[in-house]
Each structure stands twice: as C-alpha cells, then as structure tokens.
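Dropping the structures in below, format is structure tokens.
Two complexes, one shared chain (chain A), two partners (chain B, chain C).
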Partner chain A sequence: MTLLTTVADLRTARRRRQLLVVAGMVLVVLAAGTGALLVGAAGLTPGQAVAGVVGLGEPGDVFVVQRLRLPRIEAAVVVGAAFGLAGALFQSTLRNPLASPDILGISTGASLGAVTGMLVLGLSGVALSATAFTGAGVVALAIWLLAWRKGLHSIRFVLVGVGLAYLCSSLIAWSMARSQEHEAAAVLTWTVGSVSDIRGEQLTLVAAGALVLCVAVAALARTQGPLSLGDDNARALGVHVDAARVGTLLLAVALVALATSASGPVAFVALVAPAIARRLVNDGGAALTASAVTGAALTLLADVVGQHAVLGVPAPVGVVTGLVGAPYLLWLLATTEKRSR
Partner chain B sequence: MLTSPAAAPAARREGAQAVAHRARRRALAVLVALAALVLVVLASLALGVRDIAPAEVWRALTAPVDGLMDHDVVLDQRLPRTVVGLVAGIALGCAGTVIQGVTRNPIADPGLLGLNSGASLAVVCAVWLFGITSPIGYVWFAFLGAAAAAAIVFSVGRGQPVRLALVGAAVTALITPLITLVLLRDQQAFNLYRFWSVGSLTGRGLDTVAWLWPFAVVGVVLAAVLAHRLTMLALGDDVATALGQRVGTTRALASVAIVLLAGTATSLAGPIALVGLVVPHAARRLVGTDYRWIMGIGALLGPVMLLTADVLGRLVLPRSELEAGVVAALLGAPVLVAVARGRTVAGA
Partner chain C sequence: MTTLRAESVSLGYDGLRVIEGLDLTLPDGKITAVVGPNACGKSTLLRGMARLHPLDGGRVTLDGADIGSMSRKELARKVGMLPQSSIAPDGVRVAELVARGRYPHQGWFGRHSSDDDAVVATALESTGVAEIADRPVAELSGGQRQRVWIAMVLAQQTDIVLLDEPTTFLDVRHQLDLLDLLTELNRARGTTVAMVLHELNLAARYADHLVVMAGGRVVAEGAPADVLTQQVVDEAFGLRAQVVPDPVAGSPLVVPVGRFHAGA
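After this line comes the complex of A and B, so read on.
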C-alpha cells in the first residue's frame, strides 16, 4: 500500500515538473512574443499593439502588427517547435544526444533542393518550399539506404549523413559562384535559416502540417519511454521496436523537412532544445512536449536577438542559433568524453 | 610455425617470398602512381575548352612565341593551374595521411575536421577588416584560421576517432554563422568568398605558389619524417610508447605538419573537401599499412586526384567549366560512403 502511494506520488511529482517546465517555456514564448510585437522600427504602445492584433486602431499599426510582426513571431514559434520536437524524436530513437538534422545532412539536402528551386526553376514561396521538402526527403532516403547494412547502425548513419552533407554543400557553393550577386545573397540567407519571409498561405500550410505531424507523434509517443530503455526491454514491454523506430524516424524527418522547407535550416535548434528540455524535466524520458516548447522559445528569442542587430547587423535567426548551439555541442562533446573515461 | 625445427626453413622461405611479393607490389604501385601523375599533368596541359595540338603545347613550353593565342593559353592558364594542382594535391594527400594516422580515424580529412572553415573565416575577415584581396595577403590569415580550428578540434576530440568527425562538424557549424555575419556586412568579402569557397585551381597564379612552396616543402618533409612514427602509433598509444616513441611529440609535430600542409592547400585552391580523405584510403589499398609507403603514394595520388578533377571539370560542360572542388566532392563522396559502410568503422 505504501509502495503504491509512493509510485503514485512520484508520478504526480513528475507530471507536475513536466507541466512546470512546459508552462515556464510558454511564458518565455509569450514574453519574447510581446517584446517582438512592441519593439521595432515603428514603436508601438501596448494599447496600439493589442488594438492591432484584434484588427482595430490605426491602419498603419494594424499593417505593422498583422502583416509584419505577428507572422514572423508565429513562424518562429511553429518552426522552432517542429525542430525541437524532431530533435527529441531523433535523439530518443537513435539513443544519441548528438543526432540532429544539422549533422545528419538532412538540412543540407533541403538547402540543395531549395537552391535548385531558386536558381534553376526560379521558384519562390510555397513552390520553393516544396523543392526544399523534396531535397530533404531524397537525402534522408539516401542516408537510410546507404547506412542500412544488417540494421541501422547509428554511427554509420551519422557518417553517411556527414558525407552527403559535404556533397550537397559543395554543390551549393558551386551554384552560388555561378549565380548573380543578388541571387547568391538570397541563397546565403536561405541556407542560414530565416523566419522573416514566412507569411500568409505558406504560414498556414506549415502550421497545419506541423499540427498533423504533432498529432501523429502523440499517437506514437507512448512507445518512446520504453524505447529509451533499450530494444530488449522495450520488446519485453510489448512495443514493436522496429515499427516504432521506423515510424518515429519518418515523423521526425517529415517535421524537419516541413520546418526547413519554410525557414531554411535553422542551425542547432533540433540539437539544443531537446537537451535543455531533458535537463529541465529530468525524468529520463524523451520530454517531447517540453522539447517542442523549448524549441519555440529558443527560436523566437534568437530571432528577436538577430532582428534587432545585437550582433552589429540584422542577422537571420540561423546565425544566432548557430552561434549559441555550436559551442553547446562542443561542450557536450568535451564533457561526454570525460565521463566515458 | 616454429614448433618443429624442420619447419623453420620452409617458414622462413615463405616469409621471404611474402616480403619479396610485397616489395614488388609496392614498387609497382609507385610506378603506376608516377605514370598516372605524368599522364594527368600532360592532360592538364593539353586538354581544355580550346583545342590545342600536343605538338603546339610542347612548342609553347620549349620555345614560346609572344602573342600567339595558343601559347598564351598554355603558359598563362594551363601551366599555372597545373602547378597549383600539383602543389595543393601533394599537400592535401600528405595532410590527409597525417591526419588519418595521428587520429587513427579513417574518416578524417582537413575539410571534415573544420580546418577549411577556419581558413575561410580568416580569409573573409582579412577582406572585411583590412581590405586584403590578394592571395599573397590572405594566405597568412588562412594559416592562422586553419591553426586555430585545428587547435580546437584536436583538444576537444582527443583520441576518439568517431568523435573527431563530429567535433569537426561542430567547429564548422560554429564558424559558418560567423562567416555569414561577415558576408552580410561586407559585399566585397561576399563576392570573393563565393568564388573562393568552391575550391578551384584557377584564380591563384604562380606568384602565390612562389610564396607558398616553402610551407609545403617543410610540411612534406615533416610528414615524411613522421611517417614511421605514425605506423607505430597505429598500434595504439601504449604500444607506440613501449616502442620508445614520445606520443605527445608525434602529435605536436603532426599538428604542425597538418596546419602547414592544409594551410598551403587551402590558400592555393580554396577549401577542397574529400581529396585528403580519399587519397590515403586508395594508398592503403595499394601498399598496406606502412605509413612511409602510404605517405609516398599519397603524395603522388593527391595531385593525380585533384588534377583529374580539374581536367574532368574542363571537359564535362560545353563552353563552361566545373570547378575542381565540385568534381573532387563528386568523386570523393561515394568513397566516403563506402568507407562508412565498411567493417572497420562500425568497430571503431
């Protein structure tokens, strides 16, 4: 009887902690969003901003809020959440805290697809996103096929991904050298990752896609806890390990492809957000919801920092996340080495 | 084998045969690699968008006539890029071999280890901060950048083969946004960078080679001296130490060699990925595990691969060229995948 109450207590405490982390991150998102709404070239008072959001007030203010600032905030939140969730899925499924689309070459594949769409086919908007989505899918499939040898070995997966990333980035560099200066500048901005141009129909599409994928993830989420205990334990708990893994990876790739196709590869959100979320939740699980919200918070914060030229020039969001994420990855690599010795 | 005294001479004879066989194989490999190098150098001088007869190429080299179009093309365009390809190729072949040897990692090369991106960042900073656009000016920055990146990668990823590739990726990922920041600020840096980052044998002339060859020579000599130590190091730090080697000294000298060689190659040809990776693997296939031979063959195959990429790039497109860096990546990526699928990596 006492044991049962203890387990129940533990569960309640865990759930409370998860809720606390998620709520905290939502607060961060709201605070950063409010900041992004108020600060800018056209300074708005809170009253004007609220009026703009609901569509009342000065036409100029309504335009600034509804056409410029809100879409950018929404895009950062949607894209960031998708990257955060995808990263959590990759990391829990491959059981490797370093697995992320940046390192696995999927982002570079999306970039190559987008560059092709931009320079060869002259596309923009939703059509451009479609080519990026295709590029990510093709590279993910290629990694899958090439890394598959009597099962999916995660080191092999990473190395094949690195190889394909180099191939893709070499082709991107070549097409940048071949194009006009303004085209090359557009390619540069795209390959760094930016949420400044996602609005209207495209934003709706991305948000709807992300929502559908999130529902699918929720359906699969029950397998994540057992899977993190290892294949044998998960099997003993009644999970179809291979099916669950393939399904999860497919969803993760779809999320990355979707987010990347809209914003370009925003570096390291997929890597860093789950790591932070896991550390905060600290229950040994995959912390999927917390990762998604953390991803949204990080991306929005980074975009605010980049947008307001804290670094000297107005920088795309990917520059800021890269500058924060890469040192974190290095630190992670340095400390895991010490622990393994 | 030495259980009965009678068997000993037979075993010795077999051993001697194996040694002779290996020596023949190595000599053959050297000859083939040399022949390939001569062939590809000749091809690089003779082939291109403009059709020039071999006899005319020879006349251009031996008795040039001023103002003759064919002779100018050979002397001002094909000869410099051939020399650049030779020097950069030798440097990349040796650099890749030293990196793979000292890290005991089959996946290591200057590009994957982030050295190229370090050099790139330093070059764009040189353009942005000091307005330096001549290769002779920014070569020093390229060296500095490569050295800094090497220092970070080697200190964070020490001793862990698979991890080094990831640290290299992380360092590249750290440097890329910094490069982007500079490029967003400075139009001139952007325009130089997008041509430079492809990796090409054109654009840097013989005057740059005249400045850089001493670095390459010091690097190659250092690499040659280190080769024997690398063979022992392949057996593990403990064995190498037991055999009387100061492992720390080897590592320090190796990183100096890597910076000199990769720095030379990158400032001459831009960041060329995968040549330094593929060449040592090919060399190992040909001559076995002795790094003295791998280094020698690698120094021959490096320029063979780079010049082959360059010549192919001239011929693939009508009226246009594909840069050597792109062709090299197209040739090298399948090899990297093959290595990753091999048995050795999974065990590492």
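After this line comes the complex of A and C, so read on.
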C-alpha cells in the first residue's frame, strides 16, 4: 500500500515537474513578449499596447503593434518552438545530444534549397518554402544513406551531418559570391536567421503547418520512452523501431524545413533548447513539450536582445543565438564524449 | 500456460549463417539455460525467439501461432526479453524505468493509470528494489541496476521472460542473487524463464532444462544431470574436464583440467 502510494506520488511528481517547466517557460515567453511590445522606437504605455493588440488605440499605435511588433513576437515563438521540438526529436531518436538539425546540416540544407530557389529558379513565397523543404529533405536522405549501416550509429550520423553542413554552407557562400549585390543581401538572410520579416499570410501558414506537425508528433511521442532504452529494448517492449524512427525523423525534418523556410537557420536553438528542457525536467524522457516552449522562449529572448541593440548594433536573432549557442556546443563536446556509442 | 518454440529456424548476419534449421521448445513454467562457447549462436537464437533478430528461415511459434504474424505489442504482452547490457537514459529514476515496461499494455495516447502503478509497485517489490524506487538508475551498483531492468521486464506481465546473459558484469555474489531472484519469480508466478548464461556450473544448478549449443546447433538438452557429461563438455567447448556432483546442490559441477594440471 505504502509502496503503491510512493509509485503514484513519484509519477505525479514527475508530471508536476514537467508542467512546472512548461509553465515557467510560458511565463518567460509572456514576459519577453510584453517587453517586446512596449519597448522600441515608438515607446508605448501598457495601456496603448493593450489597445493596440485589440485594435482600438490610436491608428499609429495599432499599426506599430499589429503590423510590426506582434507578428515579430509571434514569428519568434512559432519558429523557436518548431526548432526546439525538432531538436528534441532528433536528439532523442538518435540518442545523441549533439544530433540536432543545425549540427547535422538539415537547416543548412533548407537554406541552400531556399537560396537555390531564389537565385537559380527566381522563386519567392510558398514556392521558395518548397525548395527549402526539398533542401532539408535531400540532406536528411543523404545522411541516412551515408550513415545507416544496419543499425543506428549516432556518431556516424553526426559526423556525416557535420560534413554535409559544411558542404551546404560552402555552396551557399559560392552562390553568394556569384550573385549580384542586391541578391547577395537577400541570400545573407538565409545564412543568419531572422524573424523580422515574417508576417501576414506567411506567418499564418507557418503557424498552421507547425500546429499540424505538432499533432502528428503527439501521436508518435509515446514511442520515445521505449526508444530511449535502445533498439533492442524498444522492440522487446513492442515498438516498431524502424517505423517509429523514420516517422519521427520525417516530422522533425519537416519542422526544421518549415521554420527555416520562414526565418532562415536560427543557430543553435534546436541544439540548446532541448538540452535545457531535458535538464530542467530531468526524468530521462525526451521532454518534447518543454523543448518546444523552451525553444520559443530562447528565440524570443534572443530576438529582443538583438533587436534592441544590446550588442551595439541591431542584430538578427540568429546572430544572438549563435553567440550564446556556440560556447554551449563547445561545453557539450567537452563533457559528453563518453556516452554515445 | 504458453509455449515458445523455435521450429527449424535459421539465423545469421549479412548472409553468414550462424544457425541452420534449429528446433527448440522452452518447457512451460520451467527455467531453461542455454550455454555454449562464444559465437555458438546462443544469443542470436534467443534474440530470434524474441523477434529482435530476423529469421532467415523457419518460424517461432507461441502456442502454435507464428510470432512473426503477431503485432509487436501483442507479442510484448506475452514474451518479455531483457537484451544484453541495457543502458538507462540519463536522469531516469527506478520507478520510471520500471513503468516503461507497461508500454505494450497502453493505448495510442495511453497514460499511466493506477492499475499500472500497482503492477509497477509489485515488480519493484518482488525484485527487492522498492526502497530505491526514487533513485536515478545511473547512480546504482551493477547488481541493483540489473534487478531494476528485470523489474521492468516483470512490469510487462508476460508468461515468458527471456534474458540474454543477465549475469555478465556481475560478481559471483550478485550472480547468485540474480539467479535466486529469477528462481523465486519462476516458482512464485510460474513464469517460464529462458536465459543465456556463461557460467556452466551456475547454469547446471539453476536450470530445470539445460541446452548446450555449439556451432549453431544443439549438442544436448535435458535435465542438467543427464546433459552435462564429460563427453558433452568436450564436444561443445573442446574442453577436457571432470564432472563431479556439486557438493551443495548435487547438480553436475564441471571442473576443467587445462594444460598444467593433470586430471586424476
């Protein structure tokens, strides 16, 4: 009886902790979002901001809030959540904290796809997103074909991915060198992520796409627990390991492609957000929800920092996340070599 | 009662046949130990019988039904398997790991229910790890950790439990502890246990049914006292040995001879 209550209590405590982390990160998002609404070239009072959000204030305030600030906040949240969730899926499915889509070159592949679509095919809008998807998909497929040897060897995945990431960056740099000056500026946004120009129809599309993908992820989420115990254990527990892994990775690739097609690669969010979330939740699980919310919080915070010239000049979100993420990656490399096989 | 049977199964790796047309039936409610020299195919056979390794030929049946045509979850509700050297993810606690054994019993969006809690509690209790239910698995000793993994397989509530070298990496005291635990579970619940073991004398003492393999085939099987003879040890392991009665259990005790110590 007492043991039964212990087991039940442990389970409740675990769920409470997950909720607490998610709620904490939501609070961070709300706080940073509020800050981003109020502070800027046109300073707004809380009253003006609220009036702007509901569309009842001065026309000027309404414009600033609804056309400039709110879309940027929403874009940061959607893109950040997509990167965070994708990173968590990659890392847990490949059982390696380094195996995130930015390290593996999936986001770079999406960027290369977009750059190619823009410069070679002269595309824009949704068609450009399609080329970003293609780029991410091609890189993912290439990693799979080059790294899969009758079983998962996550170190090989990471090494192959790092190689492909370099290849894609070089190709992007090459297209940039070949392009006209006005094109080069546009290409630049595909090498450093930015959420400043996502609004209107595009924002709605990305948000809707992310929502659909999240629902699909929820359907597969339960396999992550058994999968984290290794392929054999997962099979012994009744998981269709290959199907679950391929399904999860496809969804993760789609999330990355979707987010990258809107913002470009926001460096390191997919790597860092799940690591923070897992550490906070600390139950040996994949911490999917927490990773998504953490990704949103990180991206929004980084965008606020970049936007308000904390670094001396206004910088796109990808620059800030890169500055924060790179040291984290180094620390991770220095401390985790013993675990992955 | 459920019977797991390998019917002329062939298994291998990359076209290299390890086992060709092997038949084996795990006796109901008994403890079966599979022994044999390295690379004789004993682990591969067990993995094939748990559907962790694809069959190149033949079939494995559970009460006559081909396990290959069952859903994986259905099989996981009937046959549990603890693979070799399982590693727990960082941060996972004992009760949480054991609760993962409930996976095959839960639906699509299934959450743990209070029924699951009861099964987990029983599994923790019967493996003697109830006191450490809230400890992170990574902090435990090797012996405790192996008990936790067995608790996870027990939480699967299967009639048959397969274990691939469950005593490897354990010192002799913890090997005995673990085999005592498995015997207890077998006697108390009637669970059919089949395991691959390296230690011949412990296998002979704890098994009701001993299977000796060599070169991908069964050299001998049956009650340990009938099976473990000088000739069989020589045939399977290429080892000159004396077989005497174990002074404690009466089961056959294999005493190897070696090059520097002449046999009597």
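One rule holds for everything that comes next: the second predicted complex is superposed on the first by the 334 of 341 C-alpha atoms of A that agree within 3 Å, B and C clash if a C-alpha of one lies under 4 Å from a C-alpha of the other, contacts with A are read in each partner's own complex, and residues count from 1 in each chain.
One rule holds in what follows: a contact is a pair of C-beta atoms (placed from the backbone, for glycine too) under 8 Å apart; a residue touches a chain by one contact, two chains touch by 3 or more.
All of these numbers come straight from a predicted model, not from anything done at the bench.
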item	value
Partner chain(s) touched by A:Val54 [first = chain B, second = chain C, both, neither]	neither
First, second, both or neither for A:Asn282, with chain B first and chain C second	second
Chain B versus chain C as contact partner of A:His240, first or second or both or neither	second
Which superposed partner A:Pro226 touches (first chain B, second chain C, both, neither)	second
Of chain B and chain C, the chain that contacts the larger number of chain A residues	B
Partner chain(s) touched by A:Leu20 [first = chain B, second = chain C, both, neither]	neither
Contacts of A:Thr6 with chain B and chain C, given as first, second, both or neither	second
Partner chain in contact with A:Arg156 - chain B first, chain C second, else both or neither	first
Overlap of the chain B and chain C footprints on chain A, listed as residue numbers	none
Interfacial residue positions of chain A with respect to chain B in the complex	98, 102-103, 146-147, 149, 153, 155-156, 158-160, 162-164, 166-167, 170-171, 173-174, 176-177, 181, 184-185, 188, 192, 267-268, 311-316, 318-320, 322-323, 325-327, 329-330, 333-334, 337
Touching residues on chain C, where the partner in the complex is chain A	14, 47, 50-52, 71-77, 80-84, 86-93, 95-97, 99-101, 103-104, 106, 108-110, 112, 114, 117-118, 120-121, 124-125, 130, 133-134, 137, 153, 156
Contact set on chain A toward chain C in their complex	3-4, 6-8, 10-11, 14, 95, 150, 218-219, 222, 225-226, 228-230, 232-233, 235-240, 278, 282-285, 339
Residues of chain B defined as touching chain A within the complex	107, 111-112, 152, 156-160, 162-163, 165-167, 169-171, 173-174, 176-178, 180-181, 183-185, 187, 190-191, 194-195, 197-199, 273-274, 322-323, 325-326, 329-330, 332-333, 336-337, 339-341, 345-346, 348
